[in-house]
Amino acid sequence: MGIRLNPMRWLLASVIVAAIAFGADRVLEPAAGGAITIAAALFIGLAEGAICLMAGAEISDGHWHRPLLPRAASLVYVIPVGALLFLVNIPQLSIYPWAEDPSGWLSKGPFIARHVALFALVFAVARKFVGEAVRGAQRTRFWAVIYVILFVAHLSMIGIEWFMTIERPWFSTLFGAFVMVSAFLSGICALSLTVFSWRRRTDAPSKLVQKSLGGLMFGFATFWAYFYFSQLIVIWYGNIPEETMYLAKRIGYHTPYWLPARLIFGMIWVTPFFVLLRRKNKTLAPVTSTLAVIVLSGVTMLFWIMLAPVVPVSIPLLVLLIALLTFLTASIVRSYDLLLRVPAEVVHEPAHQPAHSH
Amino acid sequence: MAHDHAVAAAAAHPASEKRLQIERDVISAMQRPGLVYWGLVGFFATVFGVCLLGAWAYQIYKGIGVGGQMNPVGWGIYIVNFVFWVGIAHSGTLISAVLFLFRSKFRSSFNRAAEAMTVIAVMCAGMYPLIHLGRVWYAFWLFPYPNQRLLWTNFKSPLEWDVFAISTYLTISVVFFYVGLIPDFAIVKRYTRGLRRHIYSALSLGWVGSKQQWRNYNMLYALLAGFATPLVLSVHSVVSWDFAMGIVPGWHTTIFAPYFVAGAIFSGCGMVLTLCIPMRKLQKLERVMPIDHFEKLAKTMLFTSMIVGYAYTVEFILAYYSGNVYEFGVFKDRAIGHYKFAYWIMVFCNVVSPLALFIKRVRRSLGALFVISIFVNIGMWFERFVIIIQSLSHEFVPYAWGNYSPRWPEVSIMIGTFGFFFMMFLLFAKFLPVVAITEKKEEVH
Amino acid sequence: MDRREFLRWMGVASGASVLAGCDLSRKSEKLIPYLVPPEDGIIPGDATFVATSCTECPVGCSVSARIRDDRPVKVDGIAGHPVNDGALCIRGQASLNRLYNVERIRQPLMQDGSGNLVPATWNQALAKVSQALKTTSGEHVFLSGRTSGSLSVLIDEFSQRLNMRRLPEFELFSYAAVREANRSLFGVDAIPFLHPDRADVVVTVGADVLETYGHPVAFARALSRKHDSGEHFTWFHVEPHASMTGFKASERVSVKPGTEGYFLAFLLHSLGRSLDGRASSHVSSVPAVTLDRAAEATGIARETLSKIADALRAAHAPLLVAGGVSIGHESGLDVARIAALIQAVTGMNGRTIDFARATDYSRVGSMSDIDRLKSRLDANQVGTAFVFNVDLVGRLSGWNDFASSLEKASFLVGVGDIMNATLSLCDVVLPLSHAYESWGDVEPVAGVVNVIQPALKPLFDTLSDGDVLLRILAEAGAAAETSYQQYVMDRWARDYGPAAADLVKKGYLETSASAASISLREPDHRYTFGAAPAKTPALVIAPSVRWYDGRSAELELLKEIPDPLSTVSWDPWVSVGLETAAALGVDDRSEVEIRVGNWSTALPVRRQPGLQRDVFMIQHGVAGPPAGWSRTSGEANAVVADVAVTPTGRKVPTTILSASLFEEGRGVVPGSHPEHFGPLKKMQEQHAHGGHELKHEDVSFYPVPNYPTYRWAMAIDMDKCVGCSACVAACTIENNVALSGRDSHLRGRELSWIRIEPYYAEDGSSLDTVPTMCQQCDYAPCEPVCPVYATYHNNEGLNVQVYNRCVGTRYCSNNCPYKQRRFNWFSWEHRPHPMNLMTNPDVSMRGKGMMEKCTFCVQRIRKARDVAKDEGREIREGDFTTACAAACPGGAIVFGNLLDEKSQVHEWAHHERSSRLLEELGTGPGVFYLKKKGGHHGA
Amino acid sequence: MSERLVFGSEHDFLHKLEELVKSGVNPRDIEIFAPHPVHKAEEILEMKPSFVRTFALIGGLTGAATGYLLTSLTALDWPLPVGNKPIVGIPPYTIIAFELMVLFGGLSAFLGFIVTSRMPAIRTIISQDEFRDTFEIHVRKG
């Protein structure tokens, strides 16, 4: 394991966060609604997304990402926090329309069971992968592949089951993938924020890392827009009430959401796209990290607008949770002076040949 | 004289040796077409002429009814082939443009062949929308041009998007292909005499590799790559929207755009392997097309295959989840209905057979790769068959269900396009450098 | 040539072609006066109407023919006529296809030495005939189908002048049993007219009153009136097979073939009326049948039996009639008698059953007469035989080898319009003009006479039926040369005086009908229905709504239009019940061999829900088995007992147009909902719960359509649709829809713009016939996908198809959820002469590679607009209607402007029974369906 | 009169180039020839990015504008409602605009390449000048 963290402190911190969430939830009930769902999804997304990016880089044996590995690796420990929040949120499952008339698949018991199982699996594999990766072990590539598959499965499930079923029986086949891409994008942003955290340190990341991250942010913001459009135009063109209803509720001019809806598009695609069009900006940490913040808040709003029109979402709780989680995540990532001690050589790990296997 | 010595010395340098070796390898593939070669070209030309042009003429004379299309299946294998060929085309752009942006090394072995394939495949694809028109003699109405009727085209129609997407795609890929060839033409010029030399010389536009030329060239190539990458996404998305814009159950689904793009790249990689594995053997290109690069291509194929598999699964599961009788009706019918054979062929070829690529030994065995690539080509053809024809055959109104099966003119025309494709590819393989020489040289250190 | 000359020629050429285009080339010079409108005010492009009569079947409905450019292009009923009141059945609509039939005999034919029929002149032919009359030994006979009015009178003169025996007329549907019953019970030989609209309980036994029995159009009209009245009304239909009539009744009851006697006897005895002496003795002469006995014999559930009995007992104005296949068996006469008896004792006669308006069948014979003729022929006793406009051999295909007997006549004179099995045997064939080319009259029912007058000049060298007879008389020197027109006019002047003019103008005349008093006579009959019921498996030979007794199978239009029950168009088939099919292990299109004695035939199967176990059904017009006839009544048998049916294991291509008998949970039947309709409902509820109803912007990003003056729309009442397919025939003719032919049907390329979609309940207990055509959607999915604007939405709500702009991508058709778009796969627009004359000049022909579909008869809308414009107003309700709406005997279709608050369509569209097809797709159709009052099996 | 240096390997070539520039030779006086792109050389000679970029940008923008204008104006010129979709439907028109952006952008980039590198260079085409496999440095003197 490339990074060792003090389990006790980490556990403590996570439980505190969960407890606060739980408490607030009790207090605000039932106004709390989807706040916890949103916060959990956001942070699970960015953590798993960042690790997935590493996995992808490993598979396509790139080298640019190596300096990022330790920080990305430490994000593994955000996943259980998300899981904890999910458990805390169980009382809120009643917000789902299928909660009253449960079917075989969509009913509380199995729902909780399969998600807990998925969390455990993803956490284990992610941990295994980053461990191998940081050590530059032989099996890295193998675990990377497994992880990517799990990532896709997990985020699709979260997209479909946490967000899509809120409007059951509405459905869109792209929805899971859409949420997955949003998560991946937020992962990239999270990593470029860690880059920002680096500037004052000796191990300032190479231009290559920044360039790559900038490029990826540019690329995947655009890719996200492509998914967004793919969904929009099919539904817009089909004009089938059962489908349009969902969108009309969220982007229609007659709804209070029409402005946020357009803001979201502006924050996740328009801004990063036009800013990063200029090659130089890709390498300016202040620019990229500002963009990262904008995109991340865009993704948050995206998750929010998926729930808000049908269930009450307590904004204060949401803000509180995001603040807490940000702090926790940041401290995990920058763990080497906060929560855990890490031998310096891991950070200054010599970029070595990836585990080629001829 | 001192200068000549210098030149000699330079040429003697080992790096220079390597580079010249590359030149010779590639150029030697272009020498003296043999009788067998011309025989093959002639054969494919005949197939093209007789099977495609002949059958098409007959169809125009008698009416589109000579095919098997009917109510409710208004689109037959013509459209299947259209999508199939557009799909084939895509890997060309992927390998040359996308991999260029990702600075992947292995592209240099395939990009030339792939680009050629793209151009030819788009030509093949382009024929089909015309072939399937009921009144092809009015095909020009599909293009927006000022006319005394003051009537323009309906830009809201997915088919109109197609007109733009396909023609843009053809133009850009031709430009991309040609730009890549310019320096190589200049090299080929060096190896040829007489008329051929003049032709290649003219085609090279007087390339000498000066700093200005290289500077502009690099910029142009990067830009074209930058344009081609979103283009390749958009083109197959537009093709997918030909269906997704309809309200036909099995067509009208949001995942189509990315799903089709992945499928296109998947089938494209398949076709690249199908073409390059024999070419490597016949034209002795082992040195310039190393096995590692084939392995990388195989991985790309595996990856896209898994995306396609994801799409199949999600579509099916959500159709069930929706509880929508039309939606799930279609998918049930796919699995157990009249067209189940097509469906299961598709699943086997596209999802099951590529799983073998998880095994390293398979990835590195050209024989195995060739077989799998054939599977992929077949599988992807059937994927389009299932999507287009099965969906139409099982729509909303039970009275109007009906099953389509192709009839000889359609099959004949399909064979004809293969004739055209291979004829063109053979010509390419003999008259143009099949590997990007300058890019190969770049890898020499 | 120089420019001027060239232009001059061009002028001439184009002028000529324009004229030629306006008229049948034969008399284009006649058109020149058109350039100066003549006195009778014929203006090119304007239609005139001629009143005449339909002779496609013996009923003889009145017809108003729409004349364009010297020829009829469309026929409809004459409103107010006591029988068909403005409507026509599918056969009547298709009668134009007989007039313009390519198979028409175009001149007289005579056998040459080698026995082939070769063209001849009238003089040659007639000379041959009169010579034959002189030379041939043996008795001369004259045989025709049912005739009435002047023709019948003339035939009498004709036969006695040429001392020829006029044989009883031949009709396969001779009603012999019914007439025999009426004769022996009431002393009248007639088919009474039925008034279901005056009844509160109707029981029909085998009589397919909506297809061929009696006056189907009149019955459908009456039912429609009944629905409007809103009075309580129950209709039980008892039958051994499955007919459209049965499915349209409130309750359809299957009875074992040949056991209807038990059923009726049970009813008779459970009436519980106090009866006077004669009636009671009649009743007592009928063997008593207990409930159990009846149930056991007929296979009808006891509760059903008692339900019917109770209903009949409690009825104020009952109507019971037996006929069709139920009197076509050995004990058929008993069935008819007991039915007549019930009519008598329940006092139906004069109320719901009307002998004053009876149809006179007194001259019509029975199978006994045919049998007698056969034996005389076999004994070579027949000299010259006239077979006058009746396809004896074709109708008697079930009789082993009637043809060879007929050939034994020393000289055969055939008179007819289309070559058929009988004419091909004749020595001389005299071509007959179609009724629309002739003068004459018919008497559909007592006290009503219809005119027959020419709507066009004869297309070929043919003579009208009357003229043929008169010419022969003249030729034989038996009468002075005169024309039949003169003949009938004299007769009308004599019989009707001044009213005759009215007859020609109005098309029909109502004369005083002698109200025959119906009273029971002495009972004189032993009832024999105690005999064992027909052995199963049994084969029922059913009348065809398309082909009547098979005679109309000659018309390709009636082959093109599918049989509404089975949706089989061109091919013959045998209907097999679902259970039976399962038992035999056969499915649609599997071939079975049907064997009776030494006769056998192989036919493809079509599954028929509701058809009882071990009963098979074929229609007349398909090569029939040797059914024989009932010695007691002379009625031709419709039930063949004890047939052997074995699958051959082959599948044969068959033109079955419907892909599924059932709705498959799709909610395509108005009033039923798709299984997944829940979701949309749920969404609506969510909204309602959220405090507001679903508004347009909640479900669509598009603007709401705005139609300034008109939104053409249609509404269809599922209660009134009798599934007769008359609308289909009307539409096909009105809109020049091509007859695509059998091959196209096999490939699923039918062209009809309107179709009847039959959807059965899974258990076959009920049937919904949904007439569907282009739904003219507000948010039509077909429009946006066309790359060249060949289809778009006009500001009157029409989904317009611009034929000439179409390039044939066929995306519109793919994207139409109702699958109502039709593609021209080949060149179908070139029709052979004389079919080309059936073309409606107001509707453009569609060429190869074009898409077409229902236009809501846009040509009629245009016409109406022009008229309205001339009168400086907007189009009003009732100015016009579509061809299908005009044709519908049930009055099930209304058409009009949805924006007009007072219009009928507006009322129906906003009715609480109103719904639209696949509404959850948000296409906003312009066709509304009123679901059945009784609710729907799926609902 | 100019000096011509020929190299067989990229490394020697770059090495020499670097020291030339260091030794104060004006990069503008140095012409180089290479058998394949050498990005390092461009950095050494401090070359400005090519104009081709500008061509592409202008072309792309023109294309996009054309896309939206062509579709919207023709639709407004004769409004034909189809499926009652808005006469000017932005989502579908975006697709046309995108395709035209790529088309115009790509073509004008190619045009830019032809213009900026003064091609086709007729003299070279007819003359025997060749695109050799060697790296060369020509230094213009005085």
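In this document, chain identifiers A, B, C and D correspond to the written order of the chains, with residue numbering beginning at 1 in each.
In this section, a residue touches a chain if its C-beta (ideal position, glycine included) is under 8 Å from a C-beta of that chain, and two chains touch if they have at least 3 such contacts.
Since this is a predicted model, take the numbers as computed values, not measurements.
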{"item": "Chain ID, smallest distance between chain and overall C-alpha centroids", "value": "B"}
{"item": "Pair sharing more residue contacts (C-beta pairs) when C-D is set against A-B", "value": "A-B"}
{"item": "For chain C paired with chain D, centre-to-centre distance based on mean C-alpha positions, whole Å", "value": "77"}
{"item": "Where chain A and chain B are represented by their mean Cα positions, the distance between them in whole Å", "value": "35"}
{"item": "Distance between the centres, which are taken as Cα means, of chain C and chain A, whole angstrom", "value": "70"}
{"item": "Chain B and chain C, separation of their C-alpha mean positions in angstrom", "value": "58"}
{"item": "Per-residue overlap in chain C, given as positions that touch at least 2 other chains", "value": "676, 678-679, 701-702, 779, 781, 784, 786, 789, 921"}
{"item": "Set of chain B residues in contact with two or more other chains", "value": "151, 153-154, 156, 160, 230, 241, 245, 247, 322-324"}
{"item": "Per-residue multi-chain contacts in chain A, two or more chains", "value": "169, 233, 236-237, 239-240, 242"}
{"item": "Chain-level touch network, classified as line, ring, star, complete or other", "value": "complete"}
{"item": "Of all residues in chain D, those that touch chain C in their complex", "value": "80-86"}
{"item": "In the complex with chain D, residue positions of chain B that touch it", "value": "3, 6-7, 9-16, 19-20, 23, 144, 150-156, 160-161, 164-165, 167-168, 171-172, 175-176, 179, 183, 186-187, 189-190, 201-202, 204-220, 223-224, 227-228, 230-231, 234, 238, 241, 438-439, 441-442, 444-445"}
{"item": "Complex interface listing, chain C residues touching chain A", "value": "676, 678-680, 682-683, 686, 694-695, 697-702, 779, 784, 920-922"}
{"item": "In the complex, chain A residues that touch chain C", "value": "97, 169-170, 236-237, 239-242, 244-245, 247-249, 252-254, 310"}
{"item": "For the chain C and chain B complex, residues of the former touching the latter", "value": "567, 657-660, 662-668, 674-676, 678-679, 744, 747-750, 755, 757, 759, 772, 781, 784-789, 805-811, 813-815, 817-819, 821-827, 848-851, 918, 921"}
